[in-house]
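Quick one: structure below, then a few questions.
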Amino acid sequence: MAARAPTARASFGLKAATVAVLLFLHLPLTVIILFAFTTEDAAFRFPPPGLTVNWFGVAWQRADIWAALSLSLRVAALTALAALVLGTLAAAAVHRSRFFGRETVSFLVILPIALPGIITGIALRSAISLLGIPFSVWTIVIGHATFCVVVVYNNVLARFRRTAYSQVEASMDLGASPFQTFRYIVLPSIATALLAGGMLAFALSFDEIIVTTFTAGQQETLPIWIFNQLTKPRQRPVTNIAALFVIAGTFIPILLAHRMTQGTVEAGRAGR
Amino acid sequence: MASGVTRPGAEPARERASTSAVRFSHVSRAFGDVQAVDDVSLDIDDGEFFSLLGPSGSGKTTCLRLIAGFDHPTAGTIELHGVEVSGVPPYERDVNTVFQDYALFPHMTVGENIAYGLMIKRVPGAEREVRGREMLELVRLPGMADRRPAQLSGGQRQRVALARALINRPRVLLLDEPLGALDLKLRQQMQVELKAIQRAVGITFIYVTHDQEEALTMSDRLAVMNNGRIDQVGTPADVYEHPATGFVAGFVGVSNLVSGETARALTGLPATFTIRPEKILIREPGASVTDGMCWADGRVRDVVYLGAHTRYWVELDAGGELVITQQNVESTSMDVLAARDRRVRLVWHRLHNRPVETMG
Amino acid sequence: MSAAAAPTRRLSIYLYRRPALALILLLAPPLLWLGVVYLGSLFALILQSFFTLDSFTGQVVRKLTLANYRDLFVASNIDIIVRTASMAAAVTVAAAGVAFPISYYMARYATPRVRALLYLGVLLPLWSSYLVRVYSWKLILAREGVLNWTLVQMRLDGVLNWLLSLPVIGGPSLSVSRLGMFVVFLYVWLPYMILPIEAALERVPESLLEASADLGARPRETFRRVVLPLAFPGVVAGSLFTFSLTLGDFVVPYALGNSALFIGQAVLAFQGTAANVPLAAAFTVVPMVIMAVYLTIARRTGAFEAL
């Protein structure tokens, strides 16, 4: 270990370890991207015998991929909507009032994402079958929304805390009812937090596999489709292309959310 | 003294119902065990500039919030122009507030901020613009309508907050330590402007501050608050010349509080009284004393030169200490500082001794 | 002042006088959803773990019994639990070891700008799909994949073959072996270990290290006696994630494992094809209990502040 003077430089070993870990973290994804273009059918031989964009065309033709993609998009959008409403209501209640169960609400909101996915998954599945509700898009959305509420809740609550409450009072003092105050004063101030939270919820839902396995019926979201392909080597490059879509569908919203909240740690919680 | 109110400086009940802008009747506000406002009764007249003066935690801001409607009293009633307002939310009261942190809406321009109240009331855009411009003229910020609050200085923001409140023509305007964040020169300038605006617009101003000089400068009447209670209500001259309690004497201006043995030695009676530092004259030891004057011998313990005047601390032979303030009419700093450790005789008119109760 | 009051305005005034009601209205939707739906189903699940499945009729017998929990102690089931728990432990320890250097560098040596970049670098993989990241390793670990090719270039393929021949952790190929699973688990959870450790290390004031040096300790001792204990809560916080995530996962075992099931797969299998929800429920209670115990121990080490 290097000498501990305040301006000391790190030892070579430490720097090398840091670089190695970074490479370890990033190389696998580049591999997927590379193998989306390989000419070889089984798609893992390295070095790839050749590069092509044909597989994009093949994927385009696959009806099952399209179905899965559109389902994932729909579910993610609905989830984001539900999470936005529930998360904002909860954050508003917790921020405004001092009431008995305040910490309980925070705990309750974070529980679905803190507990392992199989627990949430099987709990919801048995509850759904117990109530006799058929498995459908809506049951998937219910599952996703439950653990997505927390990302909206955290973002909106943090923004509430950063905004001076005197503005709300000033608005009411000037004659605006709470509804008008929400529309003219509160909403503009939490707009980017809402967007960021919504994006994170979208990304979380788009990528989700564990809970979805339990709460979906015959429907296939894109992750489920990929999951089913995991042990089937047929047309691997097509799977890689689907994987590219999933990467894009998770990475881009999170990047946008990160930009909007200027890189708070909330964005980091998204990667499950 | 009317009702159960025993505070020496509290107002006797007056026949002012017809012109009362704000009336507190035995209002209390408790937060758990803490009484932020303790049995306060108050009558503020229409059109007057009324100040609530007191140190932090004395309950003055709480009183303001009770008037605005952001808080409910735990006891007592509040009337605005004769109407009880306990169930009326802030957006239904004919009262506007200038907040301590100005609370300007950052995502709106200055013009939109000022016209906000009118916009809520669905006043058409053209009229909003005209009245907005009028307001900007009134607070001496012409042409700033398109700026954003972030681009303004503290003093400018304060004036925008004022304009935003005044444009709604409320019958009562509440101001919560609005000049606190400004430097001294700007503050003094704004005090004059606020007073002028109040006279021009003619509405009731209720002004909260901890700066006694500010309160004395601007108010028609003021209330001194201490620990949630009102110690005294009166005109600035009343409160300064005839402090009702030791607290008021000490808080409003500098004062000497003399009690016990020292009081007996100086006046023959052990009753507590206050004497203002500027009323005491410093003479040579052994100087003659005419009838009707109090006197005491002592030694100058410390001297502080304050430019326009000098402050002396004199240890009395009779025990205790008095603070004296003198204008530097002819003496220089060298002269006054040489007074340290000198023996002196203090002389003042007996009339200036103000008896007080030693509460607070 | 006001014109004819709009209905929303009248509602606001009504609620102004009843602040408790306003709060209830605000909280009702999220609380209903999370409290009733989610908590309710959790309780229903735990309750189900005390029921049994009648193997003849295929119906759930609603009689309270500990039969499922007894079944857990059957050798094959114990195997599953032990297998999963030991993998979780191995991954946790390895993750702590791998994460520490980079966390240390970020906390103590990186300039603020570099630290922000490194932070982003650690977060970036988390922003890309978890499933795809697991899938990518199938390609990398395949018999003729990237890793194999690299090892051949470095003439280390003999080592790989030897590793693969080992019992328990070996297998026909890295992409179907316990060893491979270990690597993938390590990969996916690593950022969850790096971030809390980094946060804990950042909180160690420079002055403590200087004081230690001033009192005569050499750098190695300072590290062992000052830095490590203070970083420990961060390690525990990170281990909460790696342990719990490994305990419940079925994706990695499914992708890279064989017929030796892990808890997650067992739960999926039992409630799926076997339709034995009670037994599956009992299985899910296992990670819950393990994590509950872990959490109470962890709270005492102060790990919650490091989160």
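The first chain written gets the first letter, and so on, giving A, B and C; residue counts start at 1 in each chain.
As a convention for this text, a contact is a pair of C-beta atoms (placed from the backbone, for glycine too) under 8 Å apart; a residue touches a chain by one contact, two chains touch by 3 or more.
It should be emphasised that the depicted structure is a prediction, and the values quoted were computed from it without experimental measurement.
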item: Pair exhibiting more inter-chain C-beta contacts, A-C or A-B; value: A-C
item: Chain at the geometric heart of the assembly (C-alpha centres); value: A
item: Chain B-chain C separation of Cα centroids, rounded to whole Å; value: 60
item: Computed distance of Cα centres, chain C from chain A, in Å; value: 16
item: Separation of mean Cα positions, chain B and chain A [Å, integer]; value: 56
item: Interface hub residues of chain A, defined as touching at least two other chains; value: 175, 177, 180
item: Chain C, residues touching no fewer than two other chains; value: 1-2, 9, 12-13
item: Per-residue multi-chain contacts in chain B, two or more chains; value: 89, 91, 121
item: Chain B residues touching chain A - in the complex, by the definition given at the top; value: 68-70, 89-91, 95-97, 99-101, 103, 105-107, 116-117, 120-121, 164-165, 168
item: Contact set on chain A toward chain C in their complex; value: 1-4, 6, 8-10, 13-15, 17-18, 21-22, 24-26, 28-29, 31-32, 35, 43-47, 85-87, 89-90, 92-93, 96-97, 99, 105, 108-109, 111-112, 115-120, 122-127, 130, 142, 145-146, 149, 175, 177-180, 203, 206-207, 209-210, 213-214, 223, 226-227, 230-231, 236, 239-240, 243, 246-247, 249-251, 254-255, 258, 263, 265, 267-268, 270-272
item: Chain B residues touching chain C - in the complex, by the definition given at the top; value: 87-89, 91-92, 94, 121-122
item: Of all residues in chain C, those that touch chain A in their complex; value: 1-2, 6, 8-9, 11-13, 15, 19, 23, 26-27, 29-31, 33-35, 37-42, 44-45, 48, 98-99, 101-102, 104-106, 108-109, 116, 118-133, 135-140, 142, 144-146, 148-149, 187, 190-191, 194-195, 206, 209-210, 213, 219-220, 222-223, 244-245, 247-251, 254-255, 263-264, 267-268, 271, 277, 280-281, 284, 287-288, 291
item: Of all residues in chain A, those that touch chain B in their complex; value: 164, 166-167, 169-177, 180, 184-185, 188-189
